[in-house]
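First up is the structure itself, then whatever we jot down about it.
Just so it is clear, A, B, C and D label the chains in written order, and each chain counts residues from 1 on its own.
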Amino acid sequence: MCMTFKLPPAADGTIVVGRSMEFPMGMPTKLAVLPSRHAGTATLGSGHHNPHTWTATNGIVGMAVFGNEAWLVDGVNTAGVSAHVLFMGAGYCVYRDPKGDGSDISELDLVAFLLGTCATVEEIKVAAASVNVIGLDPGMGFVPPTHFLFHDKTGSIAIEFHPDGTVISDNPVSVATNAPYLDWHLINLGNYMGASPQNPPAKTIGALTIEPSGQGEALRSLPSDYSPASRFVRLFNFIQLADRAADATGAEQVALHILNAFDIPTGLITETMGGKVVPEVTVWDAVVNLSDLRYAYRPISNPATYVVDLHTVDFSAPARSIDLEWNGAFTPISI
Amino acid sequence: MCMTFKLPPAADGTIVVGRSMEFPMGMPTKLAVLPSRHAGTATLGSGHHNPHTWTATNGIVGMAVFGNEAWLVDGVNTAGVSAHVLFMGAGYCVYRDPKGDGSDISELDLVAFLLGTCATVEEIKVAAASVNVIGLDPGMGFVPPTHFLFHDKTGSIAIEFHPDGTVISDNPVSVATNAPYLDWHLINLGNYMGASPQNPPAKTIGALTIEPSGQGEALRSLPSDYSPASRFVRLFNFIQLADRAADATGAEQVALHILNAFDIPTGLITETMGGKVVPEVTVWDAVVNLSDLRYAYRPISNPATYVVDLHTVDFSAPARSIDLEWNGAFTPISI
Amino acid sequence: MCMTFKLPPAADGTIVVGRSMEFPMGMPTKLAVLPSRHAGTATLGSGHHNPHTWTATNGIVGMAVFGNEAWLVDGVNTAGVSAHVLFMGAGYCVYRDPKGDGSDISELDLVAFLLGTCATVEEIKVAAASVNVIGLDPGMGFVPPTHFLFHDKTGSIAIEFHPDGTVISDNPVSVATNAPYLDWHLINLGNYMGASPQNPPAKTIGALTIEPSGQGEALRSLPSDYSPASRFVRLFNFIQLADRAADATGAEQVALHILNAFDIPTGLITETMGGKVVPEVTVWDAVVNLSDLRYAYRPISNPATYVVDLHTVDFSAPARSIDLEWNGAFTPISI
Amino acid sequence: MCMTFKLPPAADGTIVVGRSMEFPMGMPTKLAVLPSRHAGTATLGSGHHNPHTWTATNGIVGMAVFGNEAWLVDGVNTAGVSAHVLFMGAGYCVYRDPKGDGSDISELDLVAFLLGTCATVEEIKVAAASVNVIGLDPGMGFVPPTHFLFHDKTGSIAIEFHPDGTVISDNPVSVATNAPYLDWHLINLGNYMGASPQNPPAKTIGALTIEPSGQGEALRSLPSDYSPASRFVRLFNFIQLADRAADATGAEQVALHILNAFDIPTGLITETMGGKVVPEVTVWDAVVNLSDLRYAYRPISNPATYVVDLHTVDFSAPARSIDLEWNGAFTPISI
């Protein structure tokens, strides 16, 4: 599952992005830093040679999986570009075959390469077109099907792995969830128009006045479930309807409130994986301030939201990672 | 708006309650303590005499409004009973006329009286039947229409002010939102059955296999909007579907995740009050652990959740209140 | 299941009513006439004595069941009042105990009595209050739970059998389906406001214009299923939205088109009765012109709609009935 | 708007197709016959030369528009292939530029050509690929955007006019409505699975038993509105759920009942055309029996359904047309 969105600019111009990781628990994830001069070499599967290599110009903070700081599923670079790797199931991800010509890179290394070397989504379009993305299993037991979303202060793009080629496209709504492809979701938005924050007016039939019992009814035409299509529609509408924040602090909190509204309490969604029924949960949420270079996250079993200020990070030091604060408590207060 | 719910017991027996205050901003609210020997006198409107008086036996921690520690709209007592005052619009609240016989109490004082003097919801039923609840404007410009919900470790009850009398009833689902009356909502649950956490199976039509694009689709029959009726249905189903937590910490976090899922980002709902369009928001959430006597809350513009451990509160000291931490920041972390 | 509705007046003042009989197949039903001077005696169950008796002043045409012309489940009288007996399941029908004082009448005879003796719904209110309605099994194997709806040119009423007494009330929306009681449905209408015949406007996000792919989207907030609550909401909204017809012919056809829209193709709904899964279908539809005294009906397996002009019926002749034209064919045409 | 569907075979193997014409009133339409040896010449717009020509081998009965028997928007041929021209708005129809090489044919002539010369949908695939479909205004004031659906006893196909070329594809679900393209709709079906004819089971919460108030609730996850996407989903599900008929008569009536369920009462949907608000209605329905070569239709303001038995038509006579029976009355009956 998973989703990402970019809010319209706050009144002071701050650009904030949100992202959730919706998945069964169990993917080893750490908070990672890649240095600004990171020398990258793509990991390819056994038997494949001549991997893509690069030297970064931007530092990166983000979420790395399976013990490799360069295997980033989310993150932001020092140029203010964020990356979000989202699941893409139901057959909507077909990676390329290796070419062996130095352009091969796995989906696991793609964020490190693109955030490391690009300062805008326009640069990412060019860089992404220059590599050949193959699929690699980081240790999940299968090659994870994905699509990639990137936001910068002026644009958003998607990278999808269609059967007949990699598709790199603008994402005019700055929203993404999962399968199917972005163009399908954009058409689907047209089916769910007219949501309104204001209740419809009362209606009088003879002596009877019919009126809503409370507020919030004019969102009824939005879909209620957690399918990728429905979350895309709700997320787009929520972002359109949400008030613009005044400043960075406000915008970060708007993003967190929107992420709240899509939080999946454990048990509401289950899937059968390897014969076992496992809950799909919101493993962590991230709030990324592209203007002020802040990367914030909230783990599932910790009510606190943590933030890394990229200005305080030593991007000249080697790549490193730290555990997430999976467990946390409410903040005690006395009265 | 507003809602409350009680989770099924955690595996270790812990009972946790959730509550949200959904309203336009602007009601002055503080965290308050009423002492265990509080001597209460109901505030009546001008011209009314002989108010109800009582002496408490339980201390209370909760949310007090309009500068009066005894005007509680939410709280828990030292006996493990929680109280939740929810809005009840659309004409579904008719307070009683004053009697002047010593039984008169306003809706503002009712929580202080009932939590102060009762150790169970069964005791509250009796005590509530002994008083005459009149309506009083705490400074809002109108008498706020309300209904009252109480939870203890074994039961939940509702107090509603019907035109022809106050109705005190069991709440078998331990869920409440707003208008109309509880019996209407209980019937409505029957219209929304069959929600499931597991996707329906794929279907094959000739060469075509039709399958969901992701998880979470089998909740589609639930309503999506924020009307009281729809929130009641969704809340009931979420509580039925959510996994049981192992222990107190887990149960408190389940409650917080469910509250997240009902969080209203500013702008999604607006109403016209006094000629102005104002947003209706989730002003604060509360998580109440009835087993361990903990009262936790999260203000709208603060990502942290604060908790008062009632065992650490001096209930022999006079009534007092402190400001809520309206503003808060993410927790800085270094890497 | 079942439903009934009265259209707003046509431009020429004609008042037309619609009704569907939604039920499993198998209830023996005929088109029946009761004479205008019909001498009625209520059928009571064995062991009960002193049934209610009456002498009619109005003739009746309608649908009679189980071989008894006086057991009418639908019909219209010569004064322009229509009657519609609808199923009322889920425990929402509690008939009275027999009194043996001459006021006892079964639900099966109630239409014959009320249409026979009353010229308006106001008269029906009085007459219905004068009898004691007990339940009788006409041969179904159980006493059918029901409620009764009546329309005349100026009003509509409902008779419901609540646990604590028979409730006779105005039906301000002139719509009915099944359980629960009418007051519940009237409140529920307030949850489904804002349906519109016009598509919402297109929305532009940067270079993207989002627009509906076709017409009819602004009815999305209406419920889609066939539960009694959902059919009530849809029916009310359809009647509000439907164009007024110019005249009697037009109004009768509007009623038929609305009935079409609620037609249940066999297999869409099934229920388990006596251990067998049986389809619930629209057994027949009726269109009743209260102004011109026409009673029309369409059986499930016949595409034709038949009409009885009450002005052509000999109401001085004895009670009689004829088979419905269950089977029918399309009308052949040559070219 | 508009829709078409093919039912699964009746128990006796009969194949029946349904189709509705949903549009504002006003397109001149007649019932037409094209002879089996029809010599066709495509009408091109002024200034275009060298139209496609053909000689038919099959006779055709269907609906012809704007006074030209060869301009068919619906029909069936003597080989048992049916054709259905459906509106395709919102930019999803881009006709080809004329080539002037003898392959040019307008959308108006396409049915006459394909039904005239092809005995199966497989033959239609080949024939459709051999022509160049340009757009022509028959007198509507604009070139009507369309897509074409064909059914035979074993298959169904769609012809769509994509911006980059005409797409001829199998239609595995034998259902069509309007925009967007078929592949979008097929994906969308995966979002609406799990509809069931049987109510979900009752649920007990303490002393409370929650159960549906009536039948038909388990279709709630289907969409309720009339947008093309929603009608596609509902139509597909209705056809999957509907009982198989025993024979031809039964199957034709199943098709009519399904068409009933999608009937649009006048006023429920309006659109603004040329500055005027006009209702979109179900102008006529057609039921086509491919096995027995029967073409039936029901005009909007006539409750009767008419049928042409193709075995009785003289296909050696010249092309001809007759007016539809727009006005009709209920069938009088005496009792």
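Going forward, contacts are C-beta pairs under 8 Å (C-beta built on N, C-alpha and C of every residue); 3 or more make two chains touch, one makes a residue touch a chain.
The structure presented is a predicted model; accordingly, all values stated were derived computationally and were not measured.
Steps from chain B to chain D, taking the shortest chain of touch contacts, total 1. Judged by shared residue numbers over all numbers used at their interface, chain B and chain C contact each other through mostly the same positions, with over half in common.
Greatest Cα centroid separation from chain D: this falls to B. Our note on geometry: chain C versus chain D, Cα centroid distance of 33 Å, whole angstroms. Distance from the chain A centre to the chain D centre is 42 Å, each centre being the mean of its Cα atoms.
One simple way to say how far apart two chains are is to compare their mean CA positions; for chain A and chain C this gives 54 Å. For chain A, residues touching at least two other chains, in rising order: 90, 180, 187, 190-191, 199, 211-213, 217-218, 220, 227, 229-230. The touching residues of chain D, counted against chain A in their complex, run 90, 180, 184, 187-188, 190-191, 227, 229-230.
Within the complex, the chain C residues that touch chain D are 1, 31-33, 61, 87, 89-90, 92, 177-180, 197-199, 211-220, 222-231, 234, 238, 241-243, 249-250, 252-254, 256-258, 260-272, 277, 279-280, 282, 287, 294, 296, 298, 300-301, 303-309, 312-313, 320-322, 325, 329-335. Against chain C, the residues of chain A that register as touching in their complex are 170, 172-173, 186-187, 189-194, 196, 199-203, 205-208, 210-213, 217-218, 220-221, 240.
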